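Labels run A, B and C following the written order; every chain starts at residue 1.
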């Protein structure tokens, strides 16, 4: 059993690593894979605060934008390579998360109000950066043209893909590691019932803050890469639709399941892209109607996440297989 | 929840593979260009049986207003070009338009560019409209060497150093300059010279570029800027801005609205009943768009706006376009539609030229780029629908002869009132309902 | 000084309309505890309905609520039975996901039905302006504000004086006890959701007297109405009006004295501060 687990994990890693070879000449396939993984990373990171700690965070765009702006500004102003810049970006996102998280958790802003206040934060940052002409401003700031590995501006998507793979496995690992650590038990306890957890001696505030900080760091890192993929920075990176989407991917995939949000990202992002590429040109917003109906149906009939459906199906098949083998 | 089961992992892996392969599947199909039948060219080199052109516009989301109209303009242009015999220098091959939605973000624009190129291998792509989407997508067109005929007017779009990007339409700061100069000239002509100007724009890069042009023109004309503000286009109420403007008492207002906010401003100006001598819009959209006029009713009267396309241009080609557009959509062409109609004709002329200059390989992107740079049009269908009578491109991709026209709503109809020599009506100045 | 008064007047009048928009949300969330992220988009739909009625029946925008009110009521009931009812036993997260889906759906349908171009009704009958002291007051805003106040009072009366209104309050106070005294819980929830949606019809009609509508209109009122609700706190109907006016005035002052771009910045900062310092709202009863 244990061997099988390691084998399948290796199989998965191998699969993700060799996937680009099927798409070598297909740039569209590669950017699609990269985009899916990008959302996968964001949703997996979100799982720490949203899934485990049960805090419905809608501020992914805030940390993403901070990471992007830090990386971009360091590159444009001080010619600092994004390979270092993204980590600084992650730290800036962490600082901001602490700054916001301390009062939020101190004053026990919870549930819907937590969701709404995090959503408002994204807008606050967007407006602040539009008005802050020195760093932001309404006009796009272009990063150097592609073709330079030092500036993390590759002319092919394959390096970006592997960066995303690294980020994805890192965030999956962090998820897995947290879920087995004391912090993970605390988070799950307080996600279920905050007051009960507090009575049992969980330090609710610091646990939540730790979750928020880890999440902000991963999203901030990703934000730096995001800026390099798209080649510019603009205050619209502080995007509330993106933030909501990240949370939706997590919810649809399955909150609290380590790889649930990844499954959600793979399914929903590729479904929407399929619909956009094939229907968007002719029927305009019809594809969004289809997309939203599917989304609603998934959430209504599988509120614990689409991953649970896959698990159930698999368990059924697996147990039948085991039974048959034993019968022989 | 706390344990990664093998089953779950395998399920995950299989879903990943299944979904990804199904996603990538569509582009495996070969495009018509690849399986082309030979058609005669002077040298006998095989050419495709049609030239694929991509339309990549924001067809959903916040910018769909522009993208959906632009697409109709392109469709009519392709129809007209094919009816007129296709690309004659290439033996009359027709154009084929393929469309995709570019969404409203940089990611969807980039995905759209990659997907339309890998699926259809277009010779050129028209569109994007929004500057940040143009930035993201032009990186792809540049790498793949696909000509991008951009309709994003923000000045910096042509300052990125893109080799395969061309923009026939006048850039945003040009609109700002036009708006100010129009009012200065009209006011002088009417014997009531202007002194004080208020500049107002929405807070995107487009609004900013317009305002920069207007500010420059105001300084050049020795005007005093008594009020200057930027506001977010999704503003819910503008009575505060309107009351502040009336307190500043400018002679005229130069305003770059996004689109729907122009309606809100016009209604609020009227209701507040503190109206300066003139209100002119600069930039693509706003006061004189047929949809705005329909939405505003008689409130739209006397508002003016710069326009990158001249729907009143008195040429047969233009009349045909206006007629066809009216039959299809129900109103005169909007700016987005007009810009892309002549952009398609400009592309057609470049293809013709490329066929003449490089008969061996006319569709080679570098040859086509050379053809664009060598274009010097002063007549023909492209010029017949263009605001000025001269189309050529600088190495950065801009047309140095591009100028915007100014339209004014008179009796519910948008009329071209500037430049004076190609106007269809006299501008009404000052506004009859001006209160100060 | 004149400028300040003018700004305050503009802000206060707009604030009353914000209060009316929030009233629907307050019924749905504050009373029934249903999280609805699509509230702004219901306002958008009712503005389109007002446009539709106004342009095809030649009605003035200010009169359209007479027809759109029942339409939105039915729509609300439909949404309740189709979506919301199934999420009641789930966590609030599920409700958020479903209503975000609904939001996308409504926007896409609006673009399919009415195209992306903004729509607006002819200059309304109730438009105009008059002077009070140094301030100019716009009639459409004033009448919209008065209608908002009136509707808020009527809804408060409905909740306290009538049987269905009391049923709504009973269900919200104590679910088990209310079913003991014979309140049909499901029907009451549906009634509250229907009423909450129908109230946006009045707001939509009043907004159409001076505004235009496009499919992304919901963005302008979604988070904003939650801000007003947070400021009010739950269960207080009269507090809505004060919070609405505070938000409206803050917005107008930010536009006048700082920068029009900072308008939502100020509102959202107030929102975040209120959540930190007064998590139960300023006027809340719970």
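Following the convention adopted for this analysis, a residue touches a chain if its C-beta (ideal position, glycine included) is under 8 Å from a C-beta of that chain, and two chains touch if they have at least 3 such contacts.
Fair warning: this is a prediction, and the values are worked out from it, not measured in the lab.
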Reference chain C; chain at largest CA-centroid distance: B
Most heavily contacting chain pair (counted by C-beta pairs in contact): A-B
Rounded Å distance between chain A and chain B, as computed from the means of their C-alpha atoms: 35
Centre-to-centre distance between chain C and chain A (centres being mean Cα positions), rounded to whole Å: 32
Per-residue overlap in chain B, given as positions that touch at least 2 other chains: 60, 64, 68, 203, 230, 232
In chain A, residues with contacts to at least two other chains: 127, 130, 284-285, 288
Per-residue multi-chain contacts in chain C, two or more chains: 108, 111, 215, 259, 261, 264
Chain B residues touching chain A - in the complex, by the definition given at the top: 1-2, 4-13, 15-17, 19-24, 26-27, 55, 59-60, 64, 68, 98-101, 103, 105-108, 110-112, 114-115, 117-119, 131-132, 135-136, 139-140, 143-144, 154, 156, 160-161, 203-205, 207-209, 230, 232
Chain B partner contacts - residues on chain C that touch it in the complex: 2-3, 6-7, 10-11, 14, 108, 111, 115-120, 122-123, 127-129, 136, 138-141, 210-212, 214-216, 219-221, 224, 251-252, 255-256, 259-261, 263-264
In the complex, chain A residues that touch chain C: 56, 103-104, 106-109, 111-113, 115-117, 119-121, 123-124, 127-128, 130-131, 244, 247-248, 251-252, 255, 284-286, 288-289, 291-293, 295-296, 299-300, 303
Residue numbers on chain C that touch chain A, as the complex places them: 29, 35, 83, 86-87, 90-94, 96-98, 100-102, 104-105, 107-109, 111-112, 215, 223, 226-227, 230, 259, 261-262, 264-265, 268-269, 271-272, 275-277, 279
Footprint of chain C on chain B - complex, ascending: 60-62, 64-65, 67-68, 203, 229-232, 234-237, 239-241, 243-244, 247, 259-260, 263-264, 267-268, 270-274, 291-292, 295-299
